[in-house]
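Each of the next two complexes has subunit A plus one more chain, namely subunit B in the first and subunit C in the second.
Right, the complex of A and B next:
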């Protein structure tokens, strides 16, 4: 086969893949991208007198892109997404936890004792605690895919473009940030579409502050345990803190680290479409599979290591050595310290660690009892810890892609350092200021 | 003498006033022939401006640069194969949204484009306001407002073309993003195409896009080598 037949074969695979994901041929998708670009361009440069003929897209845009309504509407939609996600997934998660409980009891009875402990505490307690959150992950990704496929996320970026301009970035950076709601790795890679090198670097540096799917189980666990009635609101607050800090830090970096003029690009505005089931299913599957396969690989291994170190009594002393650093933030105990150390491998490991260390505490009420009883945590401490998990050191996969995309160890190490300092500072501020009022 | 000579191509939609612009530029110094191998009419002309000899090639009027019509193939092959110093894209300002579709495709090819924003009078009479500075900024191509029917703006157009040709004025173009899923496939193909380029000086990214668009001419070119 000639090398060029090879290229055509790869092309056929690409066409097939795109047809499967979108239900449209690539030709249509590319033409749509051009029209989307042009309609964004026209919004920026052409003012027409009021005309009679208004399309449905124009009418919706008149509302969605409104100067005053746009941003509140975006926040409202985001809030609705979390309320929906939590309301629908809560009973499903309870169901899975009940099932895990039933599995753990006989597993613990297996002799020899260490094997029972490995199965019950390590695998069912640790990996199971992570997998229990699959419903929430699925629902969030379904909601995000629908927002993406209808064309709303492009509008959200368009609306944010005005604000982003004031801080020296443009809306395309916000597209990367929004992708960060799913996973930081593709979000960092998507910064490639930003041509201006300074804009691109700043976007890469702040993207990890956006709350990704892997952090969601941690919030769900703690919000379920400490904020039963306000779960959706508390998790929405985490996402909002991430967005606000990403924008704030971008502004700071743009001013201090990489000054220079920001490029201005057209924000694409594709026409609204009804999302197809196949497209949403493909996107949800792609993202959820990453979550499930991580639970079966890196998290599984991490939980085994944690279980073994705990079983042989070395875990606690390591945790105790690190823990005092987090005293001012309210969670200076050895268990959360261990959770954070292993959380750098993958953020879900925080849940896996708690699952192993507080084995037997299945379900929200079980964790609430364990965390407040054994560690003396209050809702305030839980909230401070959640912000720490949101902000501190990105996971190794994200650090790897930052190194690859910036081509620099300096910026990778910088990211580790600034996110840690930022997380510690914000968590400490929340805890110390909160203590004055509660 | 030779270094002060450039070639420009005139592109634009049918009815954008392209022929009027061509006549304004070249006057009587034009001749009509055929594009090699095909029966599409080829008009060429020349003029002298500020000591530069400018060779003008009038491309067929087209809405798009696909492989579906002979006119479109002729237009894009000239831009890729003959590499004119500047492509002047004549745009009907009163029909901006439809005309810009061609402009975007010229920019996707990596051509150095100057936009001749024609029929400004018609656009104004309809109450349209066009922010030409922003348009130039966002497309990465200079914009010259014109009323070719009254021979207004010809001088500005020529001055801008010379500045771009001489490299004194940036015409950096722009990169269109086709969306996450399509971009993933473009990157894959672009890598393969850059490693084993087919004949001609086509930019790999453009070739990748054309392959995904199922462009028969480009597929033939890739297969030939």
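Right, the complex of A and C next:
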């Protein structure tokens, strides 16, 4: 054996000896010894003040991350966000609706008749009904951007994570779920960073239950029409139902479908800071502009198809074939059935469908009159329908990303099936139980 | 010290934040970050940036009304798969 080989052999034997004695590799042992030395030295030479310095972040985190106060505070902040959003946006929406009314009247008179109907009922009635909710979208994103930029949103996710861990779920799931308040597509994608396959799958399956921004115009339309004084509270209830059901379903799936051991983690929370106007404006502009361009693309095309099918008399027969399924939930009429079918393309299309089918019904009071007068809807039916919109089949973009991320048609079809059954069941329970009291 | 950090991860029964870990180990949070970086380099922990869904890959990006990309939700350190308690 050459001296060179001899040195390598002695090195390997020494490394093996260290591993056996200390149970760790040499690199870790050396780093550990260095940190141990530094730590010991610091204790010898550094005199710490008798009372540790408490920073503003520590004080705020004392409340925000508190085991008992953290979750109620999160719910309270969410509630305040909706109250703010609806209170401030109401006059702006009324202003837009007045403008749309003024546009629709002359458009309806254009000849030939089909063109007037297309412009007034299809484009102004359908796409306009969606665009009228821009103030709500803007204000919600201003509020969420402020929460995000101050560092609170990260803490809310952390607090909810702790709860989820208590019931046997991977903590990091809630981070994806909180992103679902924006859009389910990036929220599902963000589950990629969850290494454990079972945790990742459960997170992907329940993310669509979180109320995304696309559902907000539907809530705003119906809450404005049927719950004028309690709009913020009703919309908050939708978000809360989504969160509670996502947690319950995640627990159930973890127990029954994909059991396994979950990991633990340490979170480095971003520091609190004052949000800057430019940062908030950039977030809000990016998201709001995307909403507008979506209204001008997918929703515009969907509304044109709905208008054409309605104009040529085929829409009603399709709606009537599907509608009885929703009878037990209180909304067994053809119009909401059609709205739900097209809502799978994009949830805002539900508003566009109502706008086209109830042409001329602009604004909250107009829709309230149309839905209660023509369909016999009550606030209870509206609430059950909102719950259905919250829970039933995710939009096609979300289904596409679920297929891509799970790599499986099985889980995609499962998501379609379970969300539909869940939505129908919850809506039916709300309507049937509610009827006993109202 | 590093072994103590690993012990905290293995024996944790709920998520906790970096300041809490620093308190438990009686070290400054700044010093702890260096130790965690060492453990990440050695492959004993994973470091994951969270809340930053990469929308560049999403085909719906152009028509997506509600981008969540760019959300700053912090960073987590976790045990690699198969190394957690019972794993």
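Criterion: the second predicted complex is superposed on the first by the 385 of 438 C-alpha atoms of A that agree within 3 Å, B and C clash if a C-alpha of one lies under 4 Å from a C-alpha of the other, contacts with A are read in each partner's own complex, and residues count from 1 in each chain.
The definition used in the following text is that a contact is a pair of C-beta atoms (placed from the backbone, for glycine too) under 8 Å apart; a residue touches a chain by one contact, two chains touch by 3 or more.
Owing to the predicted nature of the structure, the values given are computational and were not obtained by experimental measurement.
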Touching partner for A:157 - first (subunit B), second (subunit C), both, neither: second
Contacts of A:73 with subunit B and subunit C, given as first, second, both or neither: neither
Partner chain(s) touched by A:269 [first = subunit B, second = subunit C, both, neither]: second
Which of subunit B and subunit C A:149 touches, first, second, both or neither: second
Which superposed partner A:195 touches (first subunit B, second subunit C, both, neither): both
Touching partner for A:27 - first (subunit B), second (subunit C), both, neither: both
Comparing the two partners subunit B and subunit C, which touches a greater set of residues in subunit A: C
Subunit B versus subunit C as contact partner of A:287, first or second or both or neither: second
First, second, both or neither for A:186, with subunit B first and subunit C second: both
Interface residues of subunit A shared between complexes with subunit B and subunit C: 25, 27, 32, 35, 38-39, 172, 179, 186, 190, 193, 195, 264-266, 268
For the subunit A and subunit B complex, residues of the former touching the latter: 3-8, 10-11, 14-15, 17-18, 21-22, 25-27, 29-30, 32-35, 37-39, 41-42, 44-49, 172, 179, 186, 190, 193, 195, 264-266, 268
Sites on subunit B touched by subunit A in the complex: 96-97, 100-101, 104-105, 126-132, 134-135, 137-139, 174-183, 185, 188-189, 192-193, 196, 198, 209, 211-214, 219, 222-223, 225
List of subunit A residues in touch with subunit C within their complex: 24-25, 27-28, 31-32, 35-36, 38-39, 58, 61, 65, 137, 148-149, 151, 153-154, 157-158, 161-162, 165-166, 171-172, 175, 178-183, 185-187, 189-190, 193, 195-196, 212-214, 261-270, 283, 286-287, 290-291, 293-294, 297-298, 346, 348, 397, 400-401
Subunit A-facing residues of subunit C, complex: 1-3, 8-10, 12-19, 21, 27, 31, 33-36, 38, 42, 44, 46, 48-55, 57-60, 62-81, 84-87
